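Paired with chain B in one complex and with chain C in the other, chain A is shared by the two complexes that follow.
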Partner chain A sequence: MAANKKAQQLARQLFKLSIVDGAISAERVSGVLGYIEKTQPAHQLTVLKSYHRFVAAELAKSQAIVEHAGAVSASILQTIAASMTKKYGRTITASTRANPKLLAGLRVRVGDDVYESSVSGQLGALAASV
Partner chain B sequence: MLTSLFLAVAEAHDAVAGASEPGLVEKFGIDWHYVLFQGISFLILFGVLYKFFIKPTTSAMEVRQQKIESGLKYAEDMKVQLAKAQQETAALIKTAQLDSNKIIEEARKTAKDFADKIQKEASERANDQFAKAQQAIELEHKKMLADARTEIARLVVTTTERVLAKKLTEADRASYNETAAKELTNV
Partner chain C sequence: MSTVIEQIEQQIAKLQNKAVKKNTGTIRTVADGVARLDGLSDAMYNEMIQFPGGAMGIALNLEEDEVGCILLGDVSKLKEGDEVHTTGRLLSVPVGKALLGRAVDALGNPVDGKGPIASTEFYPVERIAPGIIARKSVSQPLFTGIMAIDSMIPIGRGQRELIIGDRGTGKTTITIDTIINQAKINKVGLASGDPKFRPVYSIYVAVGQKQSNIVRTITSLEEAGALEYTVIVAAPAADNPANQYIAPFSGASIGEWFMENGMDALIVYDDLSKHAVAYRQISLILKRPSGREAYPGDVFYLHSRLLERSARLDGKGSLTALPIIETQAGDLSAYIPTNVISITDGQIFLETDLFNQGIRPAVSVGLSVSRVGSSAQIKATKQVGGKLKGELAQFRELAAFAQFGSDLDAKTKAQLDRGSRIVELFKQPAYNPIPIEQQVVTLWAMQKGYYDSLDLKKVTAAAVSLRGFFATRKDALLTKIRTKAALDAEIEAELKTAIDEWKATYNA
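Coming up: the complex of A and B.
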């Protein structure tokens, strides 16, 4: 248990080293992975898993996943990315993911935050309010 | 003896009526010596009788009389004590009867109070259970209505989703997406 905690602390320190100017740096990540491969710290697998989880969470914070049903133009994506960048105060890129269950509309995920304006969501809200 | 005495008296009367005749004492042949001896003998006999028969008999009679008197006195005392004991017994019985009546009355009152209390508690319990049952029925009714509402809403939503999935065109979706993008960017 204590070893697992130490591994997570190490992963957190390595993750902090991977951030440059508030964003994940690919070079730093490569350097951290090289360091782990070279030194092979105790509980290497646990350290790598924790590090991956931290990096993925940070990347998700700087990426807006736009789920959609129907066509979404590039201008819409740019507008959403700009709006989220302004809202969170960091550069956020938008990526699309088709979701026919929405029927029509959009659902935007930024990290753990979800913004939705869809027919499916409105029907769900209607069902919940009855 | 009386006959001879009468005859002697008649003869003496005839003699007095006839002429000078001998005295009565001479006629009866009484000798003062004999009379004296007979008196002494009588006294001796009386003394013997008195000492050995009369005195013990009177003593025994006196003792018996005393015993009888003491027995009677004892009987009288016993009678008085018996009457007193009867009075005390009657008083005790009366007191005991009063006490028993009082105890019975208290027991009746206690039993009545207890019965009233039990009845009241049972009534309150029954009322509570009735109220709880009513509340449970009401809650069950509300839950049933809520379940029915939820199920109806779910069916309506599902049906609407199926209809919209078939009826919405790509142009409709694109238009809706633009509206949604505007709404999301204004958040």
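Coming up: the complex of A and C.
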């Protein structure tokens, strides 16, 4: 258990080193990976998995994933990116992902936050309230 | 004109299509009623977390990059990677008079098969206890119907009186007796039509008990006609520890509704030792640092914040608490007993030895105390039972001393004789509370020496016969004692005549 904690701490330190000006730097990440490969720290797999989790969570914060059931125009995508950038105070890029399970509408995911405006979401809320 | 309508419709459409924001996370681990979650960066302390399949969780540990939460409901279908989201709500339970006569689980869902509960109001489970200004000191009595308690360790409305003892010493029986007595008083009071009468509603919280015991309790209450004034909150031993941890707080919320709406309520926590064990289990799985007896550091705060919610409010009602603690081999100095003793306004200590000697209720007079209740005692009880505690304490001392020698002076013999008669008088069968006016009559007869000529073994039977005589023949006098709540020369004269009449007819 203590070893696991140490691996987590190391992963967190490496993650902090990977951030330059509030954003993940690709250069630093490859540097960190090179360092891990070279030094072979104890519990290398745990360190790498934790590091992966931290970096993925950080990257997700500056990415708006727009799930859609119908077609989404480039202008809508742009509007979403602009409004999210304004809301969170950091540059957010939008990308699309088709999800027919939504039936109709959109679902925008920025980090942990999910903005739901879809038929399946409304049906789910209705089912929960009954 | 149609353009105006269109404009309004557009505005409405905009609002209707407004996106719903949710803060989400994923399950990392689920084990032993506790889940660790990734994400949920906006989760608040004690917030309800929605899990797939209808299960709920309560966020208890907010850490740098994960949230530890306890799980309520069916968790069998949860798996690693499932998405969860915050709800922005605190855990709430239904409250109100619709719950009376019902048995509910820790979340307020009915478990008695009597259909849904028609309650419109909800109270959060965790509430902050009333402050100093809102409170009023305890000055109204709450009769337990147990003579030893009402005369020597009186309980007032809004008091917290701990009931402590080893297993099988009759702790639950005392509380059930008290609930039955409240129901009896309620029935008499409500039938009398007195506008000043304040009924007492009861809440019985069963934590970590066997289902069969809970059923037995419900049956006893039903047989005594007390269930209609009682709410049962059940978190049996088979429930997960999260439910056992929440149940007393849910019960307190149900009781607070009565208190805040100008009514009086009584809450029984049966028992807080098992509650502490459930909390210890949760805390250990959440990896909180453990302290003495492996309990977490905040186990004192767990019980103090629960028991502080019992109070008497100025201009409103009251909530009286009877928490139960089970000791191991009579050890009062263990961690949880000392904690709860220091929080409550007194304790009733039940002894195994007394129980086995046939002295039931097995109240140990020397170790039991009520810190605020005496100001709530009615004058009549003070008049007849004011010196009882001292007399019994003297008796115990002398009885221990008398074991070693047979030559005793007349005074000591008289004291021993009187003491053993008081002990006999306080014997009382289970689920048979005695109304306060009957207690006054029984004790008055004792003070005046009416039992002195009887054989020691026949004192209990004589007291029962005396009460039977009064219940059937002297109802008017009993009502007078109950309403005046004090003994004056006139009542004493009437009492003397009545008891003389009984004595003449009684064959020992």
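The rule is simple: the second predicted complex is superposed on the first by the 128 of 130 C-alpha atoms of A that agree within 3 Å, B and C clash if a C-alpha of one lies under 4 Å from a C-alpha of the other, contacts with A are read in each partner's own complex, and residues count from 1 in each chain.
Methods note: a contact is a pair of C-beta atoms (placed from the backbone, for glycine too) under 8 Å apart; a residue touches a chain by one contact, two chains touch by 3 or more.
This is a predicted model, so every value here is computed, not measured.
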Superposition on chain A - do chain B and chain C clash or fit: clash
Contacts of A:Leu103 with chain B and chain C, given as first, second, both or neither: first
Chain B versus chain C as contact partner of A:Leu126, first or second or both or neither: first
First, second, both or neither for A:Phe54, with chain B first and chain C second: second
Touched partner set for A:Tyr115, first chain B, second chain C, both or neither: both
Partner touching more residues of chain A, whether chain B or chain C: B
Partner chain(s) touched by A:Thr79 [first = chain B, second = chain C, both, neither]: first
First, second, both or neither for A:Gly70, with chain B first and chain C second: first
Shared chain A surface residues [contacts with chain B and with chain C]: 106, 108, 115, 117
Contacting residues of chain B [partner chain A, same complex]: 149-150, 152-154, 156-157, 160-161, 164-165, 168, 170, 172-174, 176-181, 183-185, 187
Of all residues in chain C, those that touch chain A in their complex: 17-25, 38-42, 65, 85
Residues on chain A engaged by chain B in the complex (per definition of touch): 68-73, 76, 79-80, 82-83, 87, 100, 103-106, 108, 115, 117-120, 123-124, 126-127, 130
Complex contact set, residues of chain A against chain C: 53-54, 57, 106, 108-109, 111-117, 121, 125
